[in-house]
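Several structures are given next for inspection.
You will see subunit A twice below: alongside subunit B first, and alongside subunit C after that.
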Partner chain A sequence: MNVEALKDLLYKMADDQLVLGHRNSEWTGFGPLLEEDIAFSSMAQDKVGQSWQIYKILNELGESDPDTVAFMRNADQFHNSQFVELPNGEYDFSLIRHFLFDTAELLRFQFLSESSFEPLAQLAKKIKGETKYHSMHANIWVKQLGSATEESISRLQGSLNEALPYALGLFEESKFEDDLIADGIFKGEAVLKEAWIGEITKIINQSALTLPDLQQIEPVLGGRNGEHTEYLQPMLDEMSEVFKVDPTADW
Partner chain B sequence: MTITEDQIRLWLDEVKDPEIPVLSLNDLGVITDINIARSGKVTVNMTPTFSGCPAMDVMQQDVVDVLAKNGIEDREVIVSFEKQWNSNMISDKGRKALADFGLAPPPKHNMVVDIEIIERVDCPQCGSDNTEMKTPFGPTLCRSIHRCNSCGESFEQFKPL
Partner chain C sequence: MTKPDKPFEHVGIVHAPNEEMAWLFSKEQYTRRGMVCHALAVIKTENIKVSSVTENNVDVYDTLTGEYSGKEQDSFELFHLLKRGKQHKHMGGVMASNYEDALLAATTQIDRPKTVYNVWVAKSEDIFSSDEEDTDIWDTLKEKKYRDAIDYKAADKIKAFKAEQS
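After this line comes the complex of A and B, so read on.
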């Protein structure tokens, strides 16, 4: 088994969960409805918890402890996709991101529940059950607001068009792709992307929204190699502010 | 005195889920294995309900404390995902305790949790099945929020997983 390839995969997944988990938590106290406030806060807690569990596997593979890894790295050491670091924007953008990301995430962990790397397969079985709720939540709202009023439809359509280049960046392939597939660790980003397109199409077709031709969209890449937007570092600074006051403190 | 698994189970009945204080860890189903070595060392394996559950550390420490209190000097409590928790593992006693507490117990399922399963829940106050889900999320990771159209009460469900 190629351990470097495995670590690369774990880092990008954990970083996606942590960064989007933090973005979700920024809705706490600001949701458009109490239920949505609770939903985004709960998903934040799930995702940050899931990232911690993945960092823990990395820790067992020789990396630093989860807190250090989460709080002490700079933006260029993060492997999350640029999609998850973008600011929340208005609720329509957060909802569309939630839908596009969690559809991919549910499929990713469904695939990984059959991974040849047993600790990951075990964790993936847990995560896919939790993510089912995230995906279900997103689907309900996309179908509902995606066929409600002229304003809700045009807002969601605008956010969908804006989000898709970044969403396609989720499937940026790593240089280890062939190793991961050969070792049976992960089916690979290309397979995941195809499955994802099928799922999002299914939901979008149940609304008044239109899925643009994905072949015509240039994916935004780079996040997996530490290239990020101007938004990630300030977010990390805020996220780690308390931890950095005293990194040795025992919480 | 020879320690038995049944004895340890009995001690563990004292340890409750800190977020749902009527539910013991046994009834919650998170104790996946108890091993008593020839040397006398006791190993308890447990598994989280949700991977981000903040109560897990507390529960793990509570198990350590109960073993210590009962004189088990050589002890280890391991949290892992080796055996996956699912809500079918909540015991019948646990389900009754949840209902008495005002939390609708999760319906038993065939491991395929979909929207119909989550929405189909009886009101723990009046027993009516005329209820609707308000949100699949709630005050803790393991709860969803519902409303009963018969008695008008809002209530929570321990989510099926």
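After this line comes the complex of A and C, so read on.
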């Protein structure tokens, strides 16, 4: 098994979850309605928890402990897609990002439940319920607001158009793609992307939204190699503020 | 429904534009982490027909007049109130021609080991429920220590404050 390839896969997944988890947590106290406030806060906790589980696997593969890995790296050492680091914006953008990301996440872990790397296969099974609910939650809201009023439809459509180039960046291939597939660790980003297109199309077709022609969209790449927007570093600074002052602090 | 072998039990009310959204709001509001939940169903309040209410050990079924038609037109679900102040529990279903007829059918078809004080009758088709296969959405990661607030060490301050007050 190619351990470098495996670590690369684990880092990008964990970093996606940690960064989006932190973004979701920024909705706490600001949700458009109480249930959504609770839902985003609760999904934030799930995502941070999932990232912690993956950092623990990385730790067993010889990387630093989860707290150090989460709090002590700079933006250029993060492998998350640029999609997850973008500011929350208005609720419509956060909802569309939640929908596009969590559909991919659910499928990714469904694939990984059959991974030849046993710890990952086990984790995928353990978090099946969480990933499934996140996706159900997003689907119900997109169907609702995607067919409710002229304003809700046009705002969601605008956010969808804006988010798609970044969302396609989720499937940025790594140089280890062939190794991961050959070792039976992961089916690969290309297969995941095809499955994702199928799923998001199914939901969008149940609303008044239109899925633009994805062939015409240039994916925003680079995140997997540490190239990030100006938004990531300030977020990391805020996230790690207490840890950097006192690494032994509990709160 | 808290466990697969327990009946559905009413937990509360949400306001939502439709059943699917109501289901989602209920999931957030009534099945928070740490609570045991196995399944969740919602129905529009207007689709529940409510029987009269009895008291003093009088079973509401014993106050009914008329006879069950025997027509198995629609499927109905019945929810019994067994104690004032408690929630209604799903006790079974019957086939009948309308809501009143469903009550009459239930008189003989549903076991009543305890006195029933009030009944809700609903058409099965009006109930929106989570799927059997989605039970795992309540099976979340247990290891979430990082989200527990670590005890806030204020005992000394409180003691000092109390000493100052007395």
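Structural remarks
Following the convention adopted for this analysis, the second predicted complex is superposed on the first by the 247 of 251 C-alpha atoms of A that agree within 3 Å, B and C clash if a C-alpha of one lies under 4 Å from a C-alpha of the other, contacts with A are read in each partner's own complex, and residues count from 1 in each chain.
In this section, a contact is a pair of C-beta atoms (placed from the backbone, for glycine too) under 8 Å apart; a residue touches a chain by one contact, two chains touch by 3 or more.
What you are looking at is a predicted structure, and each value in this text was computed from that prediction instead of being measured.
Once the two complexes are overlaid through subunit A, subunit B and subunit C clash, as defined at the top of the document.
When the two complexes are overlaid on their common chain A, residue A:Glu35 makes contact with subunit B and with subunit C alike.
Shared-chain residue A:Lys47: touches subunit B; no touch with subunit C.
Looking at the shared chain after the overlay, A:Thr68 reaches neither subunit B nor subunit C. By the document's definition of touching, of the two partners only subunit C reaches A:Asp250; subunit B does not. When both complexes are overlaid on chain A, the residue A:Gln122 reaches subunit B alone and has no touch with subunit C.
The single stretch of subunit C with clashing C-alpha atoms against subunit B, selected from 81-89, 99-107, 117-125 or 153-161, is 81-89. On subunit A, the surface patch touched by subunit B in one complex and by subunit C in the other comprises residues 35, 38-39, 42, 45-46, 48-50, 52-53, 126-127, 129-130, 132-133, 136-137, 140.
Against subunit A, in their complex, subunit B makes its touches with residues 48, 50-54, 80-82, 84-86, 113-115, 118, 134-139, 141, 145, 159, 161.
Within the complex, the subunit C residues that touch subunit A are 17-18, 20-21, 23-25, 27-29, 32-33, 134, 136-141, 143-144, 146-147, 150. The touching residues of subunit A, when paired with subunit C in their complex, are 35, 38-39, 42, 45-46, 48-50, 52-53, 126-130, 132-133, 136-137, 140-141, 143-144, 148, 250-251. Residue ranges of subunit A in contact with subunit B, taken from their complex: 35-36, 38-39, 41-43, 45-50, 52-53, 119, 122-123, 125-127, 129-130, 132-133, 136-137, 140.
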